[in-house]
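What follows is chain A paired twice: with chain B in the first complex and chain C in the second.
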Partner chain A sequence: MPAMLSTQPHGLPHPHMQTEQGPQQRQFNPYTENGGTILAIAGKDFSVIAGDTRQSEGYSIQTRYAPKVFRLTDRAVLAVNGFAADGNMFVKKVRQRLEWYRHAHAKDMPLRAIARLIQTMLYARRFFPYYVYNILGGIEEDGSGAVYSFDPVGSYEREACRAAGAAQSLVQPFLDNQIYFKNQTPAPGTSHPTHLPLPTVLKLVIDSFTGATERHIEVGDGLEIYVVLAKGASTQALEGIRGIQETTVTNDGERVFIIQRELKKD
Partner chain B sequence: MDHFPTNWGRPRNDAFDAYGTYPIAQHPRNAVDVFADGVQRTQQPIVTGTSVLAIKYKDGIMMAADNLASYGSLARFKDVQRLHPVGDYTVIGAGGDMSDFQYIQQMLEELVTEEFASQDGHTLGPVEIHEYMSHVMYARRSKINPLWNSLVIGGFKNGKSFLSYVDLLGTTYTASTIATGYGSMIAQPLLRKAVEGNETTLTEEEALKIIESSMRVLFYRDARSINKFQVATITEKGATISESRHLETSWSFAEGIRGYGSQTQ
Partner chain C sequence: MSIMEYNGGSVIAMVGKECVAIASDLRLGNQALGISSNFQKIFPVTDRIYLGLPGLATDVTTLQELFRFRVNMYTIKEEREIQPETFAHLVSSTLYERRFGPYFIEPVIAGLSQTPSGGFKPFIAATDLIGCLNFAKDFVVAGTASSKLFGVAEGLWEPDLEPEDLFETISQTLMNAVDRDAYSGWGCVVHVITKDKIITRTLKGRMD
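The block that comes next holds the complex of A and B.
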């Protein structure tokens, strides 16, 4: 032990006190990780945004129902994953900014503007970031389905699909294969579709989450799927779906629906 | 020196504001502390309380916490109340640093008094107390100056029961069973097994049985606990916090344990 004690920067090594150290320094860590996974897929005239409802810390499940997906406007839905306290505060602040916009301009903020707003708000905290991965889904002003994904400090891009969170590494490759048709060769004389129909997308979303629930301990309990339909888009694909609820506020534009499903609780 | 002109205050203009009513009077803000760098922050809890348990049942919420405040492994204060009523509809239970908890009690007392004094027909329920505490805790963690507690907030107002959790990071959630600290590992599974799905049918007697047996298991296994605890119920009739009660425990089985401990055979 003398060799070790002699490396102490100050104080003489006391013969009887082996444990002499400097003042105990323990830094408070203002972050934690609350598990869960989110995902969004854009279609031609719709967008699907989903997340599980489990909130955990370490090996403990804190609650089986803590929503991670939030309706912002009738054409924008935001999914938030990472540090739950930051996530909730961030959604609160985005909603506040959208309300101010509504009061100033008497209309809802367009999706691409919300995306830029989110990047600005995230980057404003570049040196004490919101430890949160955001996925924004909805309908653009041209009526197309869109997904924007962000990193915690605001880098963002528009994509057709994105998974984030605890099971990102399980879900994203599945989506790459099933949506972008990566590593698949079309039959001779045919080509892969550029847009998938809504029923197919819903099936992929549910399969993604049941799969992630099987293989990741932080995913499970419940599933919330938001579907945003473009103005005038057919609701045929949503008819007969069990437990579907509409949460649209206005009645002549885009429409928002929620589908809730159970996931395994173990 | 404060370099932001908006913080300098507005010179009074007697021509149109003789009584200095603009800007609207605010609570006085503490001046900027020039010794801020030398200020001590809670970097670790000192005198600590252990788990808080709470469940939903038919009539409302039942919450329990023992009466011990530890100083490290020393059982320092053995008659501390860790359940605290806030207003008429809410009880808040705390684990973690007890001096921070006493500060929170003061803060809430002030809040409730101010709300009462306004006489506007509104009273603070558990939902409001939760929202308030979550913002306080998150704001403090964001200043890297946390209040080192895990709080359980239970209440009953307007026919609705409410149970939630807030901690030093500002993390929040609601659930039908909540256990903090050691209890989240030992008691939470027992509570879930007994309560999940039965929130609307459990009677007060059954709820008390569940809480009591969980507190017993905790006393057997948690070295920072004591067999003296209080139970709070929050129902339509209001919030009541029981006198301290003692647990019957039996340690005769300990003699039969072989393989570790002091005995050699």
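The block that comes next holds the complex of A and C.
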């Protein structure tokens, strides 16, 4: 403020002037956490991959519609959760690699190969990671439904179900109970089913997200459920579902559907 | 190191049709190290009130004795049994007395309160460590597995469950929640309070 300076009598130091400057530290944090939750469940001949659409930073909602689940091919769907910017960039790079594969081999990459590709892509950034948890769902070459879950640096595993993100701790124990029948003993002479039918899985997904929405502030607004059906799988379970949309591109046999639902916005 | 997670443990209470249930795990730990698989966290207050005290184990004992003393004083002075609502406020004010040096406990209260017509009404409540009351209509949770308990309970609980169905619901909720929590588990105890009896069952849980 030069005007203020001129009012000072000559010879006296400015009252705010510091004679000695201490060390200063500045920092740029390249990461944020954008909330939300994703979930995937594998069936015998289908796979369901879902995510809410709220994107938040701290206590603020940035948008009520930011998809976290993406169709990669007609047999692979990828859900990304964590730092949204990294998530979007990562999906972009995976899609680019899948396109190169298509040009080189004239076919879509198999699911297990996509899973391994994602591992190497994540581990390539071991010392400056993509801050995202990935869940890959789809159909294997043998026609079975599959779910692969990853940590941010590429450690991965094939599973029957997995939840990740803000409400992982709310949803995963519920899934342990309802999908793996943990802590439940079958009646004598009977056994628990290894694969659940599609209508049951869809109900569990919706219940999981409504429950998480109720108790977690970062979950809500909208729900996107992707359903991947294996070659020749029946579409009967999907008939008459409100707000269903088919997004299949090729006619290899596998089919992809999206179900959109509203979640509470408070 | 959080004092609330020093010993581990979790409690949950649920409302049913003319009944309530309260359940806890049985673990006592020293951080990650398991010390006991038979540590009581739920205590009877009257014939129809049970109190769960998850949190710092030393305060579990202290508060259990303190509430026993205060409830006895109430019974002598008033010449009647304390009601769950009153007891909840006793818990709240006892904790708030230590507002700036709290007991590291998040109490859960479950009971049946007497109605003017002579019937019984289910009552559950929980407070934080300084006594802020939460009177829920469905279920309350506390302890190191609280987020997991919320998630499972939100999926399994429904209104007007009969005592046996409420027992199954609270047991499944607790067992599956503590199995995802390293600081809780090592067995469970469940109490279902009905107007004419109390069902207490000890459940075998995963020991890992």
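Things to note:
Just so it is clear, the second predicted complex is superposed on the first by the 243 of 266 C-alpha atoms of A that agree within 3 Å, B and C clash if a C-alpha of one lies under 4 Å from a C-alpha of the other, contacts with A are read in each partner's own complex, and residues count from 1 in each chain.
Quick note on the criterion: contacts are C-beta pairs under 8 Å (C-beta built on N, C-alpha and C of every residue); 3 or more make two chains touch, one makes a residue touch a chain.
Bear in mind that the values here come from a model prediction, so they are computed numbers and not experimental data.
Of the two partner chains placed by superposition, only chain B is touched by A:89; chain C is not.
Once the two complexes are overlaid on the shared chain, A:172 sits against chain C while remaining clear of chain B.
Applying the stated contact rule after C-alpha superposition, one finds that A:234 touches neither chain B nor chain C.
When both complexes are overlaid on chain A, the residue A:250 reaches neither chain B nor chain C.
Shared-chain residue A:62: touches chain B; no touch with chain C. By the document's definition of touching, neither partner reaches A:120: not chain B, not chain C. Residues 147-148, 150-152, 154-156, 172, 175-177, 179-180 of chain C touch chain A in their complex.
Residue ranges of chain A in contact with chain C, taken from their complex: 167, 169-174, 176-178, 182-184, 207-208, 210-212, 214-215.
Chain B contributes residues 41, 43-44, 138, 141-142, 144, 146, 165, 169-175, 184-185, 188 to its touches with chain A in the complex.
Taken in their complex, chain A has these residues touching chain B: 26-28, 30-32, 34, 55, 57, 60, 62-66, 83-85, 88-89, 128.
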